[in-house]
């Protein structure tokens, strides 16, 4: 297993180089560094040499090839340098932001998967009846609502009408869950339609397999068949879809965190986008890609864990 | 008079419509599609959603035909001439007679079915103008992404070796960048605008289609009829175009139709990040984004959000339902519903 | 003769399909005595597998359902049982093995666990289950049963998997074993081993076997009685020897004629022209009429009844006067054609 | 589902639901905290820096000015006019003429300079901090103030240089040379010595509490600088220990100490045990006592133990928190105004119900349109060009902008000097700000554009207005300007830009007309009239590049004068000149509207001072009680959902039972 992981990581290196190449090209065709400098100096009237100083400070003044070399070496070693807007060390900002982001993500992932799976099994159990038909149609309805609309109405409902939990902000300590519950609820509901339908399909595919008929022929009860045999087999595609959600969630929480003022990585990236802070966005694109690649590797490993037939060569 | 018509935006929809009709008729002759159409016709849900989509398309076409009366005047589309209402001062509730949210409410020029937004534009009119943007987003992006993906996919699948590795590498790099961030980066580079948005969405959405078409091409390349065609001395390109492409079409059409809803939804997210379309282009994303502030006001201003998200919801629902129905009609094995 | 173990009377199993109601099993009647082997033979699609599944009420829902008929097992009608109570019969008194050993075992559970589950499902003890499983695996001639218990289905060959299926079926010492084409998916050498194993176990456990097959060769060796099914009905049923000696129903005769055998060396095989009628709307008269070489006047319009024609041998063919349904004038074919 | 399986699942779900509902309260702070005497404030954005040497925005000052005290402070209850009172200072500084010799490019020159002698109180101590030996704050000396002056000249200051250095650089003896020397040292990255080196800062070896400042020209504004946090005493130990970075760390001798600064989360200030003895003022402007502002007269400051600033990036969520009682006060934005104030200016019923109090806070600021004087169309000093600008000025109606854009908050502006400052004259009516369309049309005709038509093109003359794309409010603003200008027959094209691009256009003069604003650095008219001073041209604050020799001469004369009638005369002359040329069109002086909860007292929004939080008192128990009352969770949706789930599961359960008990054979 370890050998397989190492090999996959080595495969990842060229891709990471490709990604950092792409980010470099993308971000150096944008607004001239002078404009970025002026924006970030934010004093009423920055003098020309102040701008020059800022450029030197952030390394924008070197010629393109030199900047390219620096960029590639720095990014590969995760040295992201300083943010354009706030001069903070980006790696420090990320370290601070990881805590809330991960806790939110874990909450949404676990609650989401549990809810989606329960509803999917419920609907699959009643396949062929009205529950199945209406359940499916409801899923398509939920899928068609835009994510932003979920956020706006969700926050309005939870903040102004229900008032169960704080509708924004964040605080470490014991009751951190009080701040994460509302955003997590919205995160779960917004992805409910799509994943319930997906899981239902996995379960139904397994229902029609021969071994189910064998199990019934053995006199095994319907529940054992569904929750024992079918669920264990359906777990394979379900687990892989859950694992692929992880990087998506970390990035998906972009809007969730900025809507609910949770100081996580997502919120930080949205601020960077609003203030055209290219250093941070560039770092996040790279970090996002690393997470995606790890996500893909996790997916393959999860195959082996769940499905005895798969051997990681 | 000739120079007063904005030919590009007026003719574009008709050209697209004509192309679609021709394609449909040619496809109708092939057994696969005629069977699919027959099944579709019998599916009531599919027909309703098709009707809804064509209604949106009609509004979009109305919004495309534009001309100006005199040299100095600017272009106004047919829809503007029909649906445009006089601008009010600021917000006003549906069917109200006075503005809301002002210290001294001012009387309105006329009643508005769904009220007006912050700058006084009639909400119904704005929603109608959103149709064109949404359909362009869906249509133009697919127009950009699909040929690109097909070409790369087929090249990779058919020729293999270095072509395959190159396309796979690009594919892997692009797909390992989170789609939201890739979109954001592209929009920051390209700037705001419907065309830029289409290009950005196109770049992010061609990856999955490319992988799909590569897989299919690989499958078909091994089939005997391809080897037979090679034996007959047909050139590679002829084989690709005449033989492999028609086999890819069903899958491609299905994945494009299913992808449309994702494209339309993406616009709302980008508008929140202020990377969507500029304010003067009517777009539901901007309306929804504005609604955040409106909901916080007292009295709550809900009609902007309601109409924009309603219109978006109905269109996306129609795309989803029609996409599923089309997939089931074309190839029941692919059924996931 | 002792009271029959299983009596199936006029069993009808239908399917709702977009093209109308498919009458897959349309009035099947037969019975099996304890310890005896009845084989049901027929082309694929004639409803023999569906008959087997209907006995255990494993008809694929929601399309399929049992229209009517009775299935008496030890005198009790299984169709009157509620779905839960039926559970106690399945796997304990009636066991079943299937055609595709490759997919019939759950790929993600170990063999041992799936065997033990059969016992546990009927309130057996897990610990005794493991011992019993090991004994049975040995009994079905699998070497190193302990290793097999802990391995996964994909690690075994087709033949071994079928042996595991047989062991699984015998966990609860069933009175009746239904074997739905057990050897079709296996190559010939393994087939012989499995069949001889089944015969041995049948004698040892005193178990009745309902063998579903389309291979006349296998049926000849294994079966005491043989029933021939065509188009959802039993067209002929008789003790095996008698059937092979003198098949009465024209369809059975064609089946035997299409078998390659020494007598017909060099001649091309007899093939039946035409195709099995559409199960959504069976023809009114004798369903074999369209393809029957001995067809004569009443065949297309009169639906023959399965009637005794020679001692224990019954046939559903108008060639034999007994097959005419009551109230229909008996006719006989002009010329005598004797094969 | 089998009964046994269903039970644990159901009980677990019910338990979880009960736990969630029981534990739910939307109080974002830990329980019991709102009872204590703590102020709950907020910040819209992350603070760039709290460093006293270069912190500049109003938000940063609100925090910094209660951590760092200076020689002077503004009298809390006197705003008409603003008055300086001693804070760290022991007595009023001695200001005496003092001949000074200064080497100007090599040659010594005799100058009529000035010497100020500042004497601070003894026994003042810095807040405790690990940078001091033994962790205890040491005594404050005059050397620390000198250190602060020199630190302003430190080129390594992050994230921006000291904004007020330019005002003093050419006035304090030797400061200019010191600044240049430090820059050379930084290039050669040699160490910079901030503890000595400026001629003009004279310390008395045997009197550690006296600092003398030598100036090469009279500079009365020095008094105001001694009231700003730039000249607060800075301990050199902190600079050495925290390698010159006081952006998010603070060591001062003010009433509060910076306990914790979590980026993008919160700022926590706590009472400074070593705080200097400061008392709540016992007198003030007339009407102060009636307003209840003297209830705590004479009490030692600060009146609250802690201040928590939470970050509210979204104004919506922030406003919700205020309405739920979790923030003590809020600056009203345009979207909530309708909910706060009735047309007559009274608080609405909802506000009265919650006992929320409304306060207007005039700000010494000015909003104005700028014409680019170097633009071929609107620029130029010829009578025609001047008439064109005057015509447009007459067409612009400030009242409309105040009503629509700022929702009725603000005073229509006649001149460049805002109310509350020396030189402001309520009675003055700017001839070109009286919105007189007929006169405007007549002036437009005289300017050569009869009826707004441009003789060259035949069509209406087009003027371009550039603004920042910031959502509906700015579009509304541009739309209103368009309507007013086009009333003259002219055509106004408003174009939106990203703020980076807009700033670039303004600084490089690539515009015809833009809208701009200026907030006072210190309450002196010089800080406003210098917006039209020639040498301050772009990219300096004089964005219109207005150049008038006479105006510049008068400015140089008045800038260093005391507030005397002669200075007032000079200001009037300058106003006459720039009104005729009309490079700027003044619209309004901004006015903030503050809302405060009933449990906060001693609120007096001061025009210039920023150390207001130390005077505030908070009644914790009433606050906690009201919070509980206003935030009753609304349970009916949860109950409705539960009922729906239970109702939904009954038919499902019956389907299950029916399915398990069905007979396979169809009945009959």
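The first chain written gets the first letter, and so on, giving A, B, C and D; residue counts start at 1 in each chain.
One rule holds for everything that comes next: contacts are C-beta pairs under 8 Å (C-beta built on N, C-alpha and C of every residue); 3 or more make two chains touch, one makes a residue touch a chain.
The structure presented is a predicted model; accordingly, all values stated were derived computationally and were not measured.
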Number of hops, subunit B to subunit C, where each hop joins two touching chains: 2
Core chain by centroid distance, with centroids computed from Cα atoms only: A
Between A-B and A-C, the pair with more C-beta contacts: A-B
Cα-centroid distance, subunit A relative to subunit C, in whole angstrom: 55
Computed distance of Cα centres, subunit B from subunit A, in Å: 25
Cα-centroid distance, subunit A relative to subunit D, in whole angstrom: 37
Distance from the mean Cα position of subunit D to that of subunit B, given in whole angstrom: 45
Of all residues in subunit A, the ones touching two or more other chains: 221, 276
Interface hub residues of subunit D, defined as touching at least two other chains: 314, 320, 660
Subunit B, residues touching no fewer than two other chains: 292, 295
Residues on subunit D engaged by subunit C in the complex (per definition of touch): 659-666
Subunit A-facing residues of subunit C, complex: 56, 58, 61-62, 87-92, 95-96, 98, 100, 103-109, 117-118, 121-122, 152, 154, 165, 168
Interface residues, subunit A side, partner subunit B - complex: 14-15, 18-19, 22-23, 26-27, 29-30, 136, 140-141, 143-149, 152-153, 156, 197-198, 201, 247-248, 251-252, 254-255, 269-270, 273-274, 276, 278, 281, 284-285, 288-289, 291-293, 296
Of subunit A, residues touching subunit C in the complex: 127-128, 209-211, 213-221, 224, 229, 232-233, 236, 306-309
Parts of subunit D lying in touch with subunit B, wherever the complex brings them together: 314-316, 319-320, 335-339, 341-343, 350, 403-404, 407-408, 459, 469, 471-473, 475-476, 479, 496
